[in-house]
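Structures given as structure tokens follow.
Here come two complexes built around subunit A, the first alongside subunit B, the second alongside subunit C.
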Partner chain A sequence: MVDIIKTVITRVLFLDFIKGLLVTLKYTLSRSITLKYPDHETWIPYERFRGEHKLHRNEDGRELCVACELCVAACPTDCITVVPMEDETGRRGINDRVAKVWEVNLVRCLYCGYCEDACPTTAVRLSRGFELACTDLDGTIREREALLTESPIPEHYEGGVVVKAKYIRKLIQIKPELWKQKDWWPAKPGRSKKR
Partner chain B sequence: MVTLKVNGKEISVADGTLILDAAKEAGFVIPTFCYQAELSSLGSCRMCIIEIGGQKKLQPACITPVLQDMEISTETEQVEDARASMLEFLLSNHALDCPVCDKAGECELQDMVHKHGPRKGRFAEMRETFHVKDYPLSPVIVKNSNRCVQCMRCVRVCKEVVGRGVLGTIGRGAHQEETSFLKGELDCDHCGMCIEVCPVGCFMRRPYRYKSRPWDLNSTKTVCQYCATGCITKIEERDGEVIRSIASKDTEGFNGRMLCSRGRFGHDFLNNEERLTTPLLRVNGTLEPVSWDKALDVIKDKLKKSQPDRVGAVASARLTNEELYMLQKVMREGVGSSNVDASSRWSAGDSEAFIAATAIDGAGLSIDNCMEADTIFVVGSHISDENPVTDYMVRYLSASRRKTVMVASVRPMKLDRSAQITARHMPGRLGAFLAGVTLKLYEENKTKLSGVKGVKSLDGLSIDKLSKASGVAPGDIEAIAKKLSSSQSVSIMAGTDMIRLGDGTGGLCLLSDILKTLDKRVFVLPLLDRSNQRGAWDMGAHPNFGPGYSELKGDTGLDCGAMLEKASKGEMDLLYVIGDDILAMYPDRAFAEGAIEKVGFLVVQDIFLSDTGKVADLVLPGASFVEKTGTVTNQEGRVQPIKPLRKPLGKAREDLNIIADIGSMISKNGSFTGDITAETVMEDIKKDVPMYGDVECDEQGCRGFLIGGVARRSLKCISVGEEDTTELKENKKYPYYLVTGNHLFGSGTLTGSSSMLRKLIKEPTIEMCIEEAKSSGLTDGDMVTVESDGGNGKYRLQTRKKSSSKVVFIAENFNEGSVNRLYKIGERVPRVSVNKGA
Partner chain C sequence: MPSIDTLIVVGVMLLKVLIIGGALFCAPLPLTWIERKLAGRIQQRLGPHRVGPFGLLQPLADMIKMFVKEDIVPAKADSFLFKLAPILAMAPIFAIFVVVPFGPDITIPFIDYKVSLYITDMNVGIIFVLAISGLAVYGLIFGGWASNSKYAMLGGMRSTAQMISYEVAMSFAAVGVVMMSGSLSLVDIVTSQSGGFLNWNILYLPVGPLWFVIFLIAGLAEMNRIPFDMPEDEGSLAAGYHVEYSAMRFAFLSLAEYVAMVSIAVLLVVFFLGGWDNPLGSLIPILDYVPPVFWFMGKVGAFIYFFMWLRFTIPRYRYDQLMTIGWKIMIPLSLANILATGMIKIYADYRITDVLEMVGLKLW
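Here is the complex of A and B:
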């Protein structure tokens, strides 16, 4: 008897419907987890992420790369090409050994990071750049000049966060504002934020 | 013989064999650093230490000879430990800058450490740093001493093989640095042997420096084209650019690691941008690009209109056997003319006499076999400049086998220092000198030798007269004759000066006959300066005989000189020049220019636009030796393959195909059509030239050694002639005798197009005796004008010690200031005057 009354009340007052709506309401009112990518926000990957290659310089601004071609030898997909040359302004030896050509084919690359491991001068390191989409195949080859430009994300910046970003439509480029962080995955009690 | 056990395996080896060699024979490789087969033993690196049964301490295998019943262990734990510690010591002072070192990837230290080395070094001390910056030792050699392992190979190779001895050591022990005097720039042969033998990266090639890694290079094992020594070399390229040539232990040539400056640094001419890539036809006075069809049509047209005896071909002796064979076949069977020659520098008669005197129409003879003889007698060649690697082999083999070397030449040379007796004779008077030596031998054994053919020509001559004519002191002639008569076996190495000056072939014939009659073993080795000169003659690229020195069916043809003479009368309708530069090489430039102008139609096939090419009516682009397949025969009679590294540039084609195409156009029976490749032509050669019967062909190319006893034609050996033995007359107006030959850094158009060799020899030079120069008020480095009856030229003066007075030398192949302008036709040794000022 009691069961019948309960059922009647539930059905008359649309209680199940309200329950469902409450969930919807809760999510409507809670913080959104959808990224407003690329226009307003972007995801900064973790430090260990292996993305686009970057060539580095030392404190004096000299290229670290000595064009030893060990990255080429280590590369499992043969996607790196290095041609060394003598730098006429040299300081080491008669002239320095530097790269005349240093290019990587980002489509062939499988981002294994062997080149990074092989590099005796830590000149080549995989950055956190992952926005590699392009409209023609020429764009998949990164040359030395492009690789020597600094990555917008500093090497020691702790990633795993969403930051505010500006999408510059003219350049088809996203400019992250690293200081405007947003905790995309809020920590719950008992779950460590530490990565 | 000694019997011993190596790792339990019993072998027998000859007395005095080193343990290292015995182990190698048993199949166990002992690692070494300071050991090098050609060099004297040093035993300093201690890498080769092994265990000998019954001896507590380990012994170095590279200096310890074997003894009867020795028990040797090369792979025990103790030996391995010792090797690892030796490497640890070496690494404690090694720069370890492998990432920037050019040697990395083919470094012996790297390989050794990888195989035997310690995985960890325990030395924390500072490394020895000799200098911060690398420094140049020559335009082609760079030095970095920080990587040195003190094996002294560079010092020893420079002294014992190259014979320069310009490298030495500063300091002792780990502080020892192998370098030049005061670390200054070297004035040496720039041969780069120090680079090649260095197990680490102390010596580096300037042109290869920081260009590539060894594993990036495409390579082909081929034969160096710069002289007839025929060194096996590996030409390596990266991205289409020829980057270096190397003779390493894996090229497995008879030359080992030896190459000269030309062979090691001269191959960048292949990258020269002035290479011909398209056929050029003269239209209204200028050369304009045309298609191959058009070019061949023009030739066909011209050939049809000309009479056979008014057509001629001059080929370079640097073409392959296949091409030269094809050319003479096209000329003789297709055109119907025997006007085919393989040199513009000398006459057919002189080369024929040389062939007879040096028995080129017989079996091949290796330098190694030659060096088995008690006495080695070098005549008519400036071997140190013309055949540098032969010179190295003579030097180190004569030293290690304790043989006597005697040299008779016009000019002083490096080999003099390794020779026991040296004789300087006047140019063109080698015949008189050899007649003197022969006369001395004849006088001593008159009864035995009276039957020798040609010995009559010595009647009426006296040592004094011949000594005066040749300019060699009677004492020297007697000393050489005495040495020859006391030797059991004699090797005579005869060089190209005998063809160039046309003297001495009679004397050489007689001398070798007399020595044979005296029951001595006589080896005669020709020393030639073009890579395939011997092959060219074997193939019948000569107006007087056919393939295999066979008699011609028809009349003999004209040699280059006779063709030019005919041309100057306007009687040559077509001249086909392949790879030769007649204007730069024919010994009378003014005459050659006049004659070439009157040739009805001049076709030049070359890889560069040579002087002759510039006046040609049609220029065809050929292929260089890294762009074609074929074989070349070196001076020893060794047939070696040349293999392509890449395709001919642009529209250029392999010379064999061009020649065959021309043949197929004019042939009536279609004998030049069908599948003509180097292999099929080689099959024909083997049928036609019995000497090539032993040549074997596989994927690696054709190779083998010429066999004798089947030559169809025995050329006549002429005896000592009158003109050889008369005294040279003085000339007041032109006091000097001009001689020519190859320069160490230049031997033709190819070396002239190599930017590296142009750094070593910047301008045309004239070499002169230092005392003579002083008395004329000239000093080293002056610009001088050289004048002769034929013409004049400007040259930079270089003074030489121990040179004969009155003799000056200008190399025959400077692109600008070519020496042939000083020559007049028929004049073998021109008289010149040398005056200061430009």
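Here is the complex of A and C:
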């Protein structure tokens, strides 16, 4: 009996409709989750994100890679090719070796990060770059020169934010303050921001 | 040679027709933008934002697209009816605005010429509105029939059945309004509700709110909007009666739909929300300086927003549910309500303000 009365009241006063309308009203007032990618806004992935490879240099500008080929051995898909050679000073020994060829096939790569773990000099790092689309299969193979372009060390900047696309264009010059344009998911108390 | 006064009257009349017609022709442009933006907000998207600031020029871009597209008439279609249908769908809905009062008479300063903000004050305004709006269904039927397509045909048939069912309830609701306000003229209906929101027909207790709900639901069905957009049910009919239309003819059909939405909002405001009446009466003196047209537009805008909001909130009814609501609920309810309204009119014709005055409360 109570149920029937309840149903009648709900029907007569359109309570279900009002409930539904309130839900959509709540969404109307909430923030849009669409990004104006790629020309206005870009998403900076989280620190744990593993994207395109980058080779790094030390402070003096010398390549960190010593062509030890450990990454080649570690790679489960055999997508890295490293051919070692001496550097132009003519000296030999592990410190003087550099790679003549260092290329990675980004199509075969499964972004496991084993190469990064295996590398004794932290030369190869998986950056957070994810814009790998290309019109030609050749574009999926990254040569040493392309990999050596200057890029920030992944854990030196924060992720999980949306930034203005015009900043991301000059990724290297970014000052960390600028990354905090819009914090995407508000920080939970438990989640550490810094590694 | 007619006298100069006659010429002025005719000129002013033509001017009013042009302004209202032009405004209605242009209304869908901002309305589509608002609707798409609102859809975006509700679905946590952005809506159009590429063309112009905030995507404001998107409707213009769409219009250009509509203009330059090829106008296809299906080979097996009845081409005369096919071409006639968009006009038939559009014209009656425009004609409704002939009797709609947008505000009280205004006097143009300096030349002291009185202009009324309606084209005519027909003494059978409500009947005219009902008769004319009923004609709009011909556009849909002809469009569906002449397209020579199963989907369009089914859409047209559905709209016929739906319009016929809900026209009855809508007319009864109009009868209720006539009873409450005591006049068939739209101007008189508005003036009978003047003096604050307590005097509005929607608060003519206990029957006013019921009439409002009946008219609102019937109106939603009349203008083929969700939850009653059976004639263009995308899920089962592709696009219903306008599935074969393209380019400008399609634009005219959707124009007709938007103007129908505006017309239902306008009728709701005129019938139940006191038209141009200031909601707070003269309770707050400063509100007296707000032009009455503003109140009218504001109320209409609120209703249009509500219709759009509703569209992205609730799903559409099944066809048999639609018919059940129409015949088994709305019509008996409105018949009973006519009886109740008549009784109240005879034995206790009080608005809330009258009751308040009786107990010694005078608000304004």
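One rule holds for everything that comes next: the second predicted complex is superposed on the first by the 130 of 195 C-alpha atoms of A that agree within 3 Å, B and C clash if a C-alpha of one lies under 4 Å from a C-alpha of the other, contacts with A are read in each partner's own complex, and residues count from 1 in each chain.
The working rule: a residue touches a chain if its C-beta (ideal position, glycine included) is under 8 Å from a C-beta of that chain, and two chains touch if they have at least 3 such contacts.
Because the structure is a prediction, the values reported are computed rather than measured.
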{"item": "Which of subunit B and subunit C A:Leu137 touches, first, second, both or neither", "value": "neither"}
{"item": "Touching partner for A:Arg97 - first (subunit B), second (subunit C), both, neither", "value": "first"}
{"item": "Partner chain(s) touched by A:Thr121 [first = subunit B, second = subunit C, both, neither]", "value": "first"}
{"item": "Contacts of A:Glu69 with subunit B and subunit C, given as first, second, both or neither", "value": "first"}
{"item": "Subunit B residues within the subunit A interface of the complex", "value": "98-100, 104, 132-136, 142, 144, 209-213, 215-216, 238-239"}
{"item": "Subunit C contact footprint on subunit A (complex, rising order)", "value": "14, 17, 20-21, 23-25, 27-28, 30-34, 36"}
{"item": "Subunit C - residues contacting subunit A, complex", "value": "38, 40-46, 49, 213, 309-310, 312-314"}
{"item": "Subunit A residues within the subunit B interface of the complex", "value": "66-70, 72-73, 83-86, 92-95, 97, 120-121"}
